[in-house]
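Following this message is one structure expressed as structure tokens.
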Amino acid sequence: MLLEVKDLHASYGSTRVLHGIDLGMEEGSITALLGANGAGKTTTLRALCAMVKTTGTVSFAGQRIDGRATEDIVRLGIAHVPDGRGTFANLTTEENLRLGAYVRRDRHAIEGDLQRVYGYFPRLKERRAQQAGTLSGGEQQMLALSRALMLRPRLLLLDEPSFGLAPMIVRELFDILRAVKQAERVSMLLVEQSAALALDFADRAYLIETGRIVLSGTAQDIRRDDAVRRSYLGY
Amino acid sequence: MKRLVPIAALLAAALASPAAVAQKKYDPGASDTEIKIGNTNPYSGPASAYGTIGKVIAAYFKMLNEQGGINGRKISFISYDDGYSPPKTVEMARKLVEQDQVLFLFQTLGTPPNTAIHKYMNMKKVPQLHVATGASKWNDPKNFPWTMGWQPNYHTEGEIYAKHILQTKPNAKIGVLYQNDDYGKDLLKGLKDGLGAKAAGMIVKEASYEVSDPTVDSQIIQLQGSGADVFVNITTPKFAAQAVRKVYDIGWKPVHYLNNVGSSVGSVLVPAGLEKAVGVITTEYLKDFTDSRWANDPAVKTWAAFMKKYYPEGDLADRSNMYGYTAAKTLEQVLRQAGDNLTRTNIIKQAASMKGYRVDTLLPGISMTTSDDDFAPIEAVQLERFNGKQFELFGEVMGK
Amino acid sequence: MDAFLHQVFAGLATGGIYASLALALVMIYQATHLVNFAQGEMAMFCTYIAWSLMNAGMGYWPAFLLTVAFGFALGVAIERLVIRPVRHAPVLSTVVVFIALLVILNSVTGWIYSYTIKPFPSPFPASSFLGNRFMSPHELGSIGITFIVLALLYAFFRFTPLGLAMRAAAQNPESSRLVGIRVGWMLALGWGLASAIGAIAGMMIAPIVYLDPNMMGGILLYAFAAALLGGIDSPGGAVLGGFAMGVLENLLGAFVIGNELKLGVALVLIVGVLVVRPSGFFGKVHVTRV
Amino acid sequence: MTKKNFLVSIIFLLVVCALPFLVSDYRLFQLTLVLVYAIALLGLNMLTGYNGQISLGHGAFYAIGAYCAAILMDKYGVPYWATIPLAGIVCLVAGFLFGLPALRLEGLYLALATFALGVSLPQLLKYHHLEKWTGGVQGIVIAKPDAPAVFAQAGLPLSADHWLYYFTLAVTITMFVLGRNLLRGRVGRAMLAIRDNPIAAQAMGVDNALYKSLTFGVSAMYTGVAGALGAIAVQFVAPDSFNIFLSLAFLVGIVVGGLASIPGAIYGALFIQFVPNIADSISKAAPWAIFGVFMLVFVYVLPAGVAGAVQMALSRVRRNPRRVVP
């Protein structure tokens, strides 16, 4: 079991958002976390990275990580592509990418990874010396994903990669995600609003509503479930 | 008949001396056991360098009290910090006069702070004694009978330099560097008044500087460029040292008059480099501890012993400590003269009847004389020239 | 003509003073996005430490290096003990903390070391090839050291991952944590480096203006102006800004409006420049998508 | 204004009016200075607390106000009470004009521009061409006004200090009431909007440029009126009274008192008037350092300033946690 979450509570100040969720992921699995706006999807990812006050246990590859600081969790190989993409606006595109590999010990391999990432997103190579703040929404999303890949993570947390992108760009992005899935042997926890998109990408899925897990199973079971079909797939 | 009057005056003065007054008379702030003296001083703020004057005076009174005080009365010296800000000086002076009920204020420091309380003190008829500033306006008994200066004022110092220039180099071309505040402008005005009508012709360039300027190098270059062959240097210690060094470094060889405020051997000429200060002329009225000439002078030795015992954290090289000590000794004399008649009117009267009184830390030949229409105790200064090791007196005592 | 050259070189000398402190101001800005009012007093305090070490018999260069290390430690300590507690308070609280630091350091130094000026040795021999009629060897030498520090700083930010991490932490703390940067320590590092640069600046300035607790008072304003004139986030801009300030101030004072209004007019020019180019000459114009 | 609030302010007013007869003249002089600083701090709070424009040079407007009053009284014999509005108008114009270039400057750059103003103004006052009016380095000494004769006839003899206190109190109350209405109303909300999100404010039709320069003008007017009152109270103005530390003290005052809060101006005034005295009484060795330590303690213990703490305490007492102004 790569990731195991038991009875996770999380709150912003005095308002509680997560009411004790349980979650599990095997090594290599692609899991989607579905739910309406404000259900607690983003909070879950932030809770995993200790970016919000939590109680309950989270263990990764057998080690407890719920008490640790964000910077230490990242060092274990968990990369997080945050909502709003977290771009370093005043730094150049390449500087953003180099920061992704900040914690890595194998300095010599970084150049190679840089070219590999440029392979996935040739557009980023054209913009490498440009201030990241001036990139388009789509390009910033690619940059955020690439920055996460520069860490050579074991677990990739993706927070609504499709957010604010044109449908054609989203398709292109998910095609690249599939290529990454084959090439990188990395597990992914994908938070997405558009259930259809997520379900045909992931192999397992969880459904979260108002801070509680209400449904879990393989992607096919979830897609066949009537309640899900009616409220999330719209047919 | 005319000859008799002065003798009568002398007799009256003698009569008024302590022995004659038997019964004790007190004003608020004086009692059988205590004399309360008030003071304001910049312990904080931009002028906190002068805070040491307040501290050395307090140390002197501590010593005085240990030696039995004055006529059996202990001195309680109440000093407040005004951060050299006039509004705070007014507040602190009112606290001393109205709340602490001190007998008088002594050595309040700085021209702007003292100007702020000038009218108030005279309206309240509380002596503002021996103010620690060199402005010339404190010697005005007619309008301000309760305010008295102490040190030689900057205006007189300027006049003395002018007199010496006229004597030694009548067709000199003078360059002046001065600090852009009341002290600097007062001394400059004294220089111009001393030169009289020839001032406009002789002064070829005036360069001012702000205390916030990092250096005065630019001004020195301007003065050299003006072709001046006499340099009057009106600066405080830090800028004085910079000026002495820069004048030497750029190879400018004027007759260099350095004002008293910035002429301490230890804290100005040593940092500037003694060899660069050869030939500098200044006026002096106090013995400078850092000048080797006074190394084994008894008065300076007692002062150093006093400092070690009562004010050890004080810096012996800081001229302000000798200044405060000498002022405190002057006051001690005034209080002894007043005896048991500790009324404010008598304090001013005694302070205004100094006849050539000498404190041993003053230069030889310099003494304090005051009268009903002369409220400036020290008006004489001695011209000195620096020979590379120490200052040498030359010429006679200048001024009253 | 000779007088003009003299003034220009004297301006470069004072400009070097402003540039060295401006560098420290830019350094602290890049790490914290704040301009530290107490930077001058911190530099002055470190210079007194160097003076005490030399007074106790230590050689110039060992004392120099030890003081730079002390400066670094002082900066880190101030960040950890004094700045961190107010990191969530409104920005102005931090400005008040800076003012408090300024006042405390100035007053305590005056109390410990008294206010008499102290000569401070120069590492450069008095009559070396460096010196010429216009500038003393020390003035030229200190400008040299300022450029060396600038080069080191440039290399540090440009080529080391640590430098990049520091700039990232200052700009976007949350994303920085997500790539593993210990944001808290980056701030401490920024303060340490700025304080160390300040210590170097102090030791270069003291021989020129003499060491006293109020040594840095006036200089801070000009350094502040130089840093912003050149571009608050560009070390190179700050150094050039410093030299421009020094020469501008001297020429204005000597030839244009006399010394009485030099300070005011120099500053009015700064405001004029900023109104035209709000991020200084060499500062990067920040484009943010709304 | 709830009924209870009204009652509280009436009681407060009565106490404040009775003060002159309860305390010594010297203490009254200190309280007059507190009122003067309160007006200046309210002015600065308007600009920096409510509108987010940081000014490190408001001592300059305080000085302009003080010199206006001193020159008008000394050279042109204008009665003291008439100099207050005149000083206010001069500073309103000065503030508005200085506000215009400041429009293009944000945050740090504006802080530098105002810092430059605060540093260079004393030097301007000493400029020899202006010496005819400003008295140059000697400054100007002015007479303290006596209580109008009407009080003496009414059998209630007021000393100059009493009268000055009441006069200052009256001006302070009017300025605070004017300020409250301005800040609580539409203008105040626009100022806050500009502070929190200038782009959104502009999008909603707030004319940022006009409001920002108007705020600068009004804030300068408040500080100028305070300067005039201060000059009359102290009876003396000189370049040394208005150095950069006065501006920094004002900034410390609004932060310690409480940003964007009207009572904050009063708490701040009490701080900058009395804490230096306390520091001085603690030790003569380094009183400035102690004042610095007090600043640190207040900023740590009360991040939202004294006003923030009072508001928190009150809301906890009333059990309806009102939003604490940042």
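So that you can tell them apart, the chains are marked A, B, C and D in the order they are listed, and the count of residues begins at 1 in each.
Assume a contact is a pair of C-beta atoms (placed from the backbone, for glycine too) under 8 Å apart; a residue touches a chain by one contact, two chains touch by 3 or more.
Note that this is a predicted model, so its numbers are computed, not measured.
Hopping across touching chains, the smallest step count from chain A to chain B is 2.
Among the chains in view, C has its Cα centre nearest the centre of the complete protein Cα set. Relative to the C-alpha centre of chain B, the farthest chain centre belongs to A. Chain B and chain D have Cα centroids lying 37 Å from one another. If each chain is reduced to the centroid of its CA atoms, chain C and chain D end up 32 Å from each other.
Once the centre of each chain is set as its mean CA position, chain A and chain C turn out to be 43 Å apart.
Among the residues of chain D, those touching two or more other chains are numbered 119, 123, 126, 286-288, 291. In chain C, the residues that touch at least two other chains are 103, 106-107, 110, 221, 260, 263.
Multi-chain contact residues of chain A (touching two or more other chains): none found. Chain pairs recorded as touching, per the definition above, are A-C, B-C, B-D, C-D. Per the touch definition, chain B reaches chain D in the complex via residues 43-46, 48, 51, 54-55, 58, 79-81, 83-88, 90-91, 94-95, 97-99, 110, 112, 115-116, 118-120, 180-182, 185, 210, 212. The residues of chain D lying in touch with chain C in their complex are 48, 54, 101, 104-106, 108-109, 111-113, 115-117, 119-121, 123-124, 126-128, 199, 248, 251-252, 254-256, 259, 285-289, 291-293, 295-296, 299-300, 303, 326. Taken in their complex, chain C has these residues touching chain B: 2-3, 6-7, 10-11, 13-14, 17, 103, 106-107, 110, 114-119, 133, 136, 205, 208-210, 212-214, 217-219, 221-222, 249-250, 253-254, 258-260, 262-263.
Listed in rising order, the residues of chain B touching chain C in the complex are 44, 46, 48-49, 51-52, 180, 207-215, 217-219, 221-222, 225, 237-238, 241-242, 249-251, 266-268, 270-271, 313-315, 317-318.
If you check the complex, the residues on chain C that touch chain A are 161, 164-165, 167-168, 171-172, 174-183, 284, 286-289.
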